[in-house]
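What follows is a set of structures to go through.
Look for chain A in each of the two complexes below; its partner is chain B in the first and chain C in the second.
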Partner chain A sequence: MRTAVSRLELLQPRSVREALRMLRDEGPLVPLAGCTDVYVGLNFGTLSAKRFIDLWPLDEMRAIRSTGGVLSIGALATYTELIRSPLVARRLPILAAAAREIGGVQIQNRGTLGGNVANGSPAGDSLPVLAVAEAMLVLSSAAETRRVPFNSFFSGYRKSVLRLDEIIAAIEVPRVDGRQWFRKVGTRAAQAISKVVLAGIRSDRPRIALGSVAPTVIRLPKTEGALASGAPIEEARRVLEGEIRPIDDLRSTAEYRRRVSANLLERFWRDTAG
Partner chain B sequence: MQAPPMKRLLDVLREECGLTGTKEGCGEGECGACTVLLDGMPVNSCLIPFAQAQGSVVTTIEGLEGRHPLQDAFVVEGGAQCGICTPGMILAAAAIPRGATLDEIRLGLAGNICRCTGYTSIYRAIEKARSRRHR
Partner chain C sequence: MGATEKSRAVGRNVPRKEGLDKVTGAAKYVDDLTFPGMLHGRTIRSTIAAGEIENIHLGFARKGFTIADCRDVPGRNVVALIELDQPCLAERRVRHFAEPILLLAHEDRERLLEAESLVAIDYREETPIYDPEKSDHCFKEIRIEKGDLARGFAEADVVVEGEYRVGLQEQLYIEPNGVIAVPENGGITVYGSLQCPYYVHRALRVLLGLSDDKVRVVQTETGGGFGGKEEYPSMIAGHAAILAWKSRRPVKLVYDRVEDMVATTKRHPGVIRHSTGVTRDGTLTAIKIDVLLDGGAYMTLSPVVLSRGVIHATGPYRCDHVRIQGRVVATNTPPNGAFRGFGAPQTQFAAEVHMERIAETLGIDSVRLREKNAFRPGDTTSTGQKLGRDTSALRVLREAVSRSDFRAKRRAYRGTNRGIGLALFFHGSGFTGGGEVKLASKASLELTETGARILVASTEIGQGTRTMHAQIVADTLGIPYDAVEVAAADTARVPDSGPTVASRTCMVVGKILERCAQEMRRELGGRSAQDYLAERGSLVVTKEYSGPDGLYWDDETYRGDAYGAFGWGCDVIEVERDPETWQIRPTRVTAVCEIGKAIHPVLARGQIEGGTAQAVGYALLEEVAMRDGRMANAQLTNYLVPTTLDTPEIDVTILENPYEHGPFGAKGVGEMPIDGPAPAIVNAIRSLGVDVRSIPATPERILEAPSLSASR
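Presenting the complex of A and B:
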């Protein structure tokens, strides 16, 4: 490991309240959840932070439950827990589908939904699902708990409205009507940092979100509008190709991403017809 | 056990505990060579701070004491060549439920990379170890 571990400090709160107090009084601190992103950074010496706070043992933040029609997922719920949850299977099966495509079992046993959101990579596989589900993020600090719509959480590449003294406590998913669809296209299904991910919901108000094609996950209001107004799929494809501006990086060219995105749109529409 | 809380479980096992059966491959969660069981679940010990393993049961390859049916089957079927991936492979395999299909075995090992065997002998070893345990 490239980082000198003896110089790293770890605070170990025993409750969420204590954690929030520490974040207020002893910050700045970097939260640890399942560490599958944090330790990649530490191992390569690319993460310069020296002071951390361990959220992993806080079981209060792990529960998956349904209250008053809202599916509430604790930020610490792991991919394995999402895959096994009967509630997720019933209410938001595309979240379990996304979880199954993340890493191998070792990563699924540790990686958390809150970590995927907080990490904010545009390639985060769960993010398009939360975007079409119009999830709410429950953000807690010692001072207050506020709810921020997932779709206004990110403000740019790896930037969000999360404050330094705040944590993501839970992800709330309202009732989702319509047919759900999820697909990830990557070089190696289980391990690749995704190239293009599309999540869709087919209803009177179709919803579509794409991952890995922009600095953050995006919804496609124009394409959604075209589909809602009954435009043929060929036209919707053209709208989509004009609507997205893919990032051109080493993994694949922008043109490739645009084409794959349009193909995924067409498959979504075909698979959810009738 | 005394160790810095942010030290990787992998390094604590190898340095503090002298258990060098757990290997480091990539150090970034991709290869699975460092796989151990934490309370029975496969995890990458290169991505776990010591603090998060305290109070849990950690099973390393040494913990199988050379007597696990998988270990024997890996030897017999040629599931191990250079051996770097083998401890992690066996621990990941040990966590796959009985009666798993070949596809499920593949999925259970999706986080473990082997550069030598081409996997066929590994899958064969696992199927063999399982059928023997059923007898």
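Presenting the complex of A and C:
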């Protein structure tokens, strides 16, 4: 059943400082920006939160810049901004590739990278990219700013180490060496939630991350190890199939996800060879 | 008015009557309308699939709310359709999830949502039945017998058997169901998004116990229907009317997408079993078909869906010995109902995949097999209907095969990830059997100072009703297209032209209008409209349906002329398989349709393209995930229909083989295009060596499907 919007509360800070103060003093509040996930929950009546804080106007959290070899992406950068950014195109083209496959133009104009991370869906399309890029999340509260590796951020299905008084302020991507690869498998050609999504980096230290095959987006250390040690691809496929924990859900089956994940691994490895 | 003026509008792509209003946003849909003192309504629905209601607790302050349940129904608590089995509001028993129980109205929509969350209903639950094979209640059984089945099988060299399954499909009109009920003049007026004003009119008369003249139904501009606004508006109009009756105020009831998908009708899922006798050279000698459809909890239009389904179940093929047995049964799911194609897409999916399998079994070319058995003029269908000169099965087949270069591509694609498949199909125009005679539809034409005004209950739901009717009238009267107006479909103004369904609006209602225009022209006798009106005051010509002589139908034995005419179609669809993901992407459709006469070629093409896209979804994507009798994916985020990127290039060819009793030779076009693409796509997947026999053919199903043996 649809949520009654008039009973929801929305705080509208005018600066990041004010937002952090509100989170500290007037919480708990759910931060929102583009609202692209919030509205799906509102319409289906699955949104339990009643109090929200609107970060969308806080332009200080929107910039994409490069500082000292680190690509820093403000949490409010939209998918459209990622797609158009020359910096992203140069440094992490698979992030732009992922952004292009998220929703349609309207969603890309509103949805933000910080929101994709905070929403914490195991199917979030940008998340495997951040996992293989070994991004750092800049988490801000009124008390402090701390940096948490993306790969230690999620603690379970839609659970993370983000505290109630914190927001994701920025995503920092270190220099990425090697060939990058990304592939999303959805139910249809556009505007579909992933059944499987894989990001990979081919280097001396191969890195692979998968979405929609476990409670969170996951890196595959054993599979990466097998590839790094020069194991044949058939061997790496077997390791991968043992390393993921896909389930049957509305979108697909565990068996399909397992088989497709192994196929994508092989395709990644062949496409990035030589 | 000489012969040179003949056909000035018909066959040309004149501007749509309501086109400008739609593109400029001036067109008013039901949710754009408001009335003084209007309340908003909300429906409280069951959260179980089967059981009895024990208690209802309203956990909110009632001030400002109008609350209604089954006891507030002034007349009979039923949605009057074929059978009076469906309550408008549940009494004690609940037979499906989302069954309406209670109605709320309030000035503020938001307060309704809060109140709804505070309603608690206690049930005594019963064990629901979801599997139609286990149903203990049959809504309708139909048996078609032709020739001697045992003899047919005795003549066969080979018997090919198969079971085929089709799933539910959501109509997904862009505008959800919605109405406004206004109490006025001691009666009720309902404005709404709907296909059949007189269906709603009758349902309201029964529900409210009112006389004809106290009920008025007005269609508002409607954003699509596809059958989903054929019978369901009688339910939602009833709810709004009950609330309006009780509150004495106008009540608007407009569903959001979730409610529309959870609660309203869908295409019947089914299991179809074939057993076919065939000689070595590919002549069909015996056809035995068993059709089982899941009707859901109430009858709605299920018997008629089954009827069209079984009549089309052989596909467009001749055979002397046929037995078709069909059943539509009850389960504890929301009722299924009308959806473009109305049973024929289900049964022709099975027929055309089975035809491909017969060719595979015999090791002969499937085009040859179809050519050998396709209906010719003079052949008889399973009901014994003798087909007329406008029988174009072979013509559409040959045209589609040559236009698509089918044979060369099939050879070239062998052993690759590309596939190509074909389906031949037909679709009866108008109501089945004696339906049109029973309906006795009427249409009127009124002379105006500047031309003529059409008065019909046929609704414009995006398909071009107003435009196409005006074209027929303009050319018959010999006046410009712009001189023809179309009155709103308002039961206070227009006669009952029957429902806007069954591919009948052009062929049947258009023909009645053509007769009205012919009589008006005779009556005018060359005088101008102004002169005539000055002299006589007014001129309204009303005509009633009059079928072609010699049409015969026996509803007891299911023998006779099932339809006045059939449209004929052939689709060739090329696909690509992704080797990593088993995804099937249709890359090109060659659609050839013979529809008698395209009154408006662009609109006719639009029907073919739209129906094809909708069928691509049916074939590959659209899966209603039923969990414990409820649709679990009732959102556009997880019930996925094809986007533009999922829709292949569609090469449409319209052939015209005029039907002598249709206006300007026209037959139906609305439904037929959805019959062919699903089997053509599955046959294309079969050409890739995958034995798929059910839809949607999702990658998960393809992964699990057996391979076709290498021996073929």
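As a convention for this text, the second predicted complex is superposed on the first by the 273 of 274 C-alpha atoms of A that agree within 3 Å, B and C clash if a C-alpha of one lies under 4 Å from a C-alpha of the other, contacts with A are read in each partner's own complex, and residues count from 1 in each chain.
FYI, a contact is a pair of C-beta atoms (placed from the backbone, for glycine too) under 8 Å apart; a residue touches a chain by one contact, two chains touch by 3 or more.
These numbers come from a predicted model, not from an experiment.
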| item | value |
| --- | --- |
| Partner chain(s) touched by A:Thr253 [first = chain B, second = chain C, both, neither] | second |
| Contacts of A:Leu264 with chain B and chain C, given as first, second, both or neither | second |
| Partner chain(s) touched by A:Arg110 [first = chain B, second = chain C, both, neither] | first |
| Touching partner for A:Arg219 - first (chain B), second (chain C), both, neither | neither |
| First, second, both or neither for A:Phe44, with chain B first and chain C second | both |
| First (chain B), second (chain C), both or neither touched by A:Met1 | both |
| Touching partner for A:Thr36 - first (chain B), second (chain C), both, neither | first |
| Overlapping contact positions on chain A, where the chain C interface meets the chain B interface | 1, 5-6, 40, 43-44, 190-191 |
| Interfacial residue positions of chain A with respect to chain B in the complex | 1, 5-6, 8-10, 12, 32, 35-36, 39-40, 42-44, 52, 54, 56-57, 80, 103-107, 109-110, 190-191 |
| Interface residues, chain B side, partner chain A - complex | 4-8, 11, 27-30, 32, 35, 38, 41-44, 46-49, 51-52, 92, 95, 107-112 |
| Interfacial residue positions of chain C with respect to chain A in the complex | 108, 110-111, 113-114, 116-117, 256-259, 579-583, 585, 621, 625, 632-635, 637-638, 640, 642-643, 645-646, 698-700, 703-704 |
| Contact footprint of chain C on chain A as seen in their complex | 1-7, 40, 43-45, 185, 187-193, 250-253, 255-256, 259-260, 263-264, 266-267 |
